[in-house]
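So that you can tell them apart, the chains are marked A, B, C and D in the order they are listed, and the count of residues begins at 1 in each.
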Amino acid sequence: MTIVLGDNQYGKAETHLVRVSRDGETHRIKDLVVSIALAGDFGASHLAGDNSKVVPTDTQKNTVFAFAKEAPVGESEEFALRLARHFAADFVSVHRARVTIEEHGWSRIEVGGRPHPHAFASAGAERRLTTVTSTKDAAWVVSGLSDLVLLKSTGSEFWGYPKDRYTTLEETRDRVLSTGVLARWRYGRLDVDWATAFTRARGALVEAFASKHSLALQQTLYAMGSAALEACSDLAEIRLSLTNRHHFAVDLSPFGLENANEVFYAPDRPYGAIEGTVTRDDAPEPGLAW
Amino acid sequence: MTIVLGDNQYGKAETHLVRVSRDGETHRIKDLVVSIALAGDFGASHLAGDNSKVVPTDTQKNTVFAFAKEAPVGESEEFALRLARHFAADFVSVHRARVTIEEHGWSRIEVGGRPHPHAFASAGAERRLTTVTSTKDAAWVVSGLSDLVLLKSTGSEFWGYPKDRYTTLEETRDRVLSTGVLARWRYGRLDVDWATAFTRARGALVEAFASKHSLALQQTLYAMGSAALEACSDLAEIRLSLTNRHHFAVDLSPFGLENANEVFYAPDRPYGAIEGTVTRDDAPEPGLAW
Amino acid sequence: MTIVLGDNQYGKAETHLVRVSRDGETHRIKDLVVSIALAGDFGASHLAGDNSKVVPTDTQKNTVFAFAKEAPVGESEEFALRLARHFAADFVSVHRARVTIEEHGWSRIEVGGRPHPHAFASAGAERRLTTVTSTKDAAWVVSGLSDLVLLKSTGSEFWGYPKDRYTTLEETRDRVLSTGVLARWRYGRLDVDWATAFTRARGALVEAFASKHSLALQQTLYAMGSAALEACSDLAEIRLSLTNRHHFAVDLSPFGLENANEVFYAPDRPYGAIEGTVTRDDAPEPGLAW
Amino acid sequence: MTIVLGDNQYGKAETHLVRVSRDGETHRIKDLVVSIALAGDFGASHLAGDNSKVVPTDTQKNTVFAFAKEAPVGESEEFALRLARHFAADFVSVHRARVTIEEHGWSRIEVGGRPHPHAFASAGAERRLTTVTSTKDAAWVVSGLSDLVLLKSTGSEFWGYPKDRYTTLEETRDRVLSTGVLARWRYGRLDVDWATAFTRARGALVEAFASKHSLALQQTLYAMGSAALEACSDLAEIRLSLTNRHHFAVDLSPFGLENANEVFYAPDRPYGAIEGTVTRDDAPEPGLAW
């Protein structure tokens, strides 16, 4: 028996960059958390502590900040492409560079009904995501969003499921449906209007959640995924991970009260976890995208 | 030497209630995390395990759910008043009941440009707060907000401070100012239009942050507090706790680049913590409000 | 009506210091998160942005690091006393300095059964706490611990409580009792062997939790507090905040199974919150300790 | 173009089970957070809301609690095997069941120097992990640990790396090395003494971290993985994800002080992320283990 090194990668995670751009009096900000992972010819570092091919993670961090000055950051996808291609192209030892960006949104504050030129409020917990993977020859872009939380107070049922000796759940024709959305979609091409594509995909996900009468969160997932693919032809595939944030109607009968789906308690755990991929049948191969 | 029991209180914390109200097709939701703390004649439980005066925390939780059905929840302040007065009035042993509510906001989803009747998206991390304290004779209301995060990309200076042997900070005439806001204001009366007062106070805080040219976060704090008191005569006093979320300009000179306040890194810790009270000189006594 | 500035303080929060001490081959580490809050003559900064009396929080941070080199850190209480007295004594504008330290513990790794001279593993989530408050004339020390989580699988009852129309809880003569402990004790003097006092107080809290047959978490709280005061005469007063981390026996009867307090589910929220102070009747006045 | 459903799975996540076992006076507790994911013939639920093959996640939760009573829980691996095989074998529609358990440890409290029969203290933040994947014919076990945090105050170097125009890091022959460990190892067989294997693998990881003089965290990773494989022949493969928790020596020169690797600040972000697999060259195929 011999012990051998298998797959490996390394990089700097969670470099928090805030980029301010000035267009005269009016400022814009991009608030990005950038994580980098490099795979390649790094066996000597593992086996012998020979770092002659190891781009320090500190250098990776510096590169993020320098790149944010050397050219406009643009959309997260553009910035991630620029970074990933740099590491894959400029270092012989790097065979695959992956750059993941979480973007935090800011809304412009209104003062006296007019947008303020340089004051902003955090737009909330939702994050826009992108992951770009680059080799020396090719690149792939996966974008998405996380921490989007949705709720329908009706228009959701759950019944017709198999019962066994451990089943106690009552069937229901009306329940609250709430979900935390993690969506990641793979683009089938690189010449995309990233901002527009994001807006369309996000809008389709949210509208489908609201509009689709739901017999199962699985059905809602498929409707959301299909809607995103239909709304934006640049998307080849979408992977959705939806938590089922249970809202249980409280039994008020001990207090002589009825509860017609009005009073709910919302436990933190356990929760349902529904995951699925929706794809075009003619989608290009994913390559190293994921 | 004798050992004695001092101040004490107990209650059920963080009961998560979601209340759905139906106005025909159109639903509204209130998403509240309710915490209760009772003080009173509970020495026997501490000293002898005699619980004959101890309203179980489980009963407190049940009361939250039952009250949400027995009458309209209304604004958080109204619901907290109803709960706090119940515990203080209906149990001889309870001398002081305090009910704290964190309200999580939801925005109505738009579908095809029109608000959906029963689908919502989480409005973000910000929380609306209220704490009501009630004795058998009186009640006090403190409301506020937390997890509001603001940022100005210019319009902030910091200079003129004392230097000692441990000072290395450079003075600056232009910096990013970002703060996480915890605001709690005491109402001077109980016949308040709670929703309007909240909207006015919050608006004043945000506008003052944006508008006030800042020479110190302390100065911004005072401006924010003053603006809230001026915007809403129901407020007697406001207490602000502002984190100074540092944004440091990255030194890009090793890369031959200038950084004219464009590229920042934003560390998580340490951070500044600025706390202050702004009050009317004719404010009524706070009593047990805090 | 005039608007006026009330109580205020500011400082640098959560400076994370790791201090390595070398005793020949054998190293020791102190891992401290230090927060500083200064109160004093800072009205001009709030009202006019005049910072001539405002010791920058950046300087406060530097002072933490410099002080960690200029003299041995010692116990957290000693380090906090040194820092707090410096700010109160050396700056005319500072009337009261408060330094809070959270200490994270590390255990020495054993290799081949022998303690390693310079390798450590994190000792867990529990934190040792101290808060020192200093004026120009006096100082007070409050120490304690947080994030200590305890559980008894039997030896806990809860019954004899009042019932009202919202009561559904069944009385029990046997339950799981689990609590997250936040303990803060005030020392009655400053010439204390801090490490020994901490060890004694913590030991007494834990042993009392385990040994005391419990009729209420309130009773356990008082027993824990009394035990700490008895174990260490340096303690004047102790304030305990205990969460009641409910463990509910699962109803297994739908599956034809009995559950004799063997199978529990442990929800995150809501939880009970029991707070109380235990004190000596001859304790010195607290002054500005809290 | 047609839109199609791709890979999907669903289940109940994070059911928190606490199991008390009584051996006369002496109690033992197992504190487990159980997550279940089922893959199989669930297309009809996605496409048409037909749930006739969808085992409700509520039933999955019930099964966890019932199984904890019907037979001894045993080691996490045994419990996960029992659950995973049940879902894969007893439901035609389930092609693959995956059960992941996070185990939280508890230490017995000592009272008067003797272990207490039924009182425990939380053993800290570290978690023992297992993931069992079962089809109708086969099963795979991956175990591991998370949230183990290690630190060496010397015995770590980093130099010899490539420099480019973005490199500013100084080479060092002596630094603090601290890492948060996520380790997951695949067993090559199912007839394993799980408790002993865990103890050996964990011990080897910790001892290797302490003992290996480190020229790179990559080198330490490989040493840790190799040591685990050597310590326990049941392990086929180990995957390590190590964060590099930077400790930077503070520049004390502005204060006229030297800092011979004694005073460090420890930022939260960014951090290094080093991932690698160490495997036996004759390891059995992983199948569906990961």
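As a working rule, contacts are C-beta pairs under 8 Å (C-beta built on N, C-alpha and C of every residue); 3 or more make two chains touch, one makes a residue touch a chain.
These figures come from a predicted structure and were not determined experimentally.
Chemist: Count the C-beta pairs in contact for B-C and for A-C, then report the pair with the higher count.
Modeler: B-C
Chemist: From subunit A, which chain is the farthest off, judged by mean CA positions?
Modeler: C
Chemist: Where the centres are mean C-alpha positions, what is the separation of subunit C from subunit D, in Å?
Modeler: Whole-Å distance between the two chain centres: 30.
Chemist: What whole-number Å value describes the gap between the mean CA coordinates of subunit B and subunit C?
Modeler: Chain centroid spacing, subunit B to subunit C, equals 23 Å.
Chemist: Once you find the CA centre of subunit A and the CA centre of subunit C, what distance in Å lies between them?
Modeler: Inter-chain centre distance comes to 38 Å.
Chemist: In subunit C, which residues are in touch with two or more of the other chains?
Modeler: 15-16, 62, 66, 166, 168, 254-255, 267-269
Chemist: Which subunit C residues qualify as touching subunit D in the complex?
Modeler: It is residues 15-22, 27, 29, 31, 62, 65-66, 68-70, 106, 109, 111-112, 116, 118-126, 148-155, 176, 206-207, 209-211, 247, 250, 252, 254-255, 257-259, 261-268 of subunit C that touch subunit D.
Chemist: Once bound in the complex, which stretches of subunit A touch subunit D?
Modeler: Touch list, subunit A to subunit D: 1-16, 33, 35, 37, 42, 45-59, 61-63, 66, 90-91, 157-164, 166-169, 214-219, 221-222, 225-226, 229-230, 237, 243-244, 269-282.
Chemist: Taking the touch rule as given, give the residues of subunit B at its contact with subunit D in the complex, in rising order.
Modeler: 165-166, 168, 254-256, 267-269
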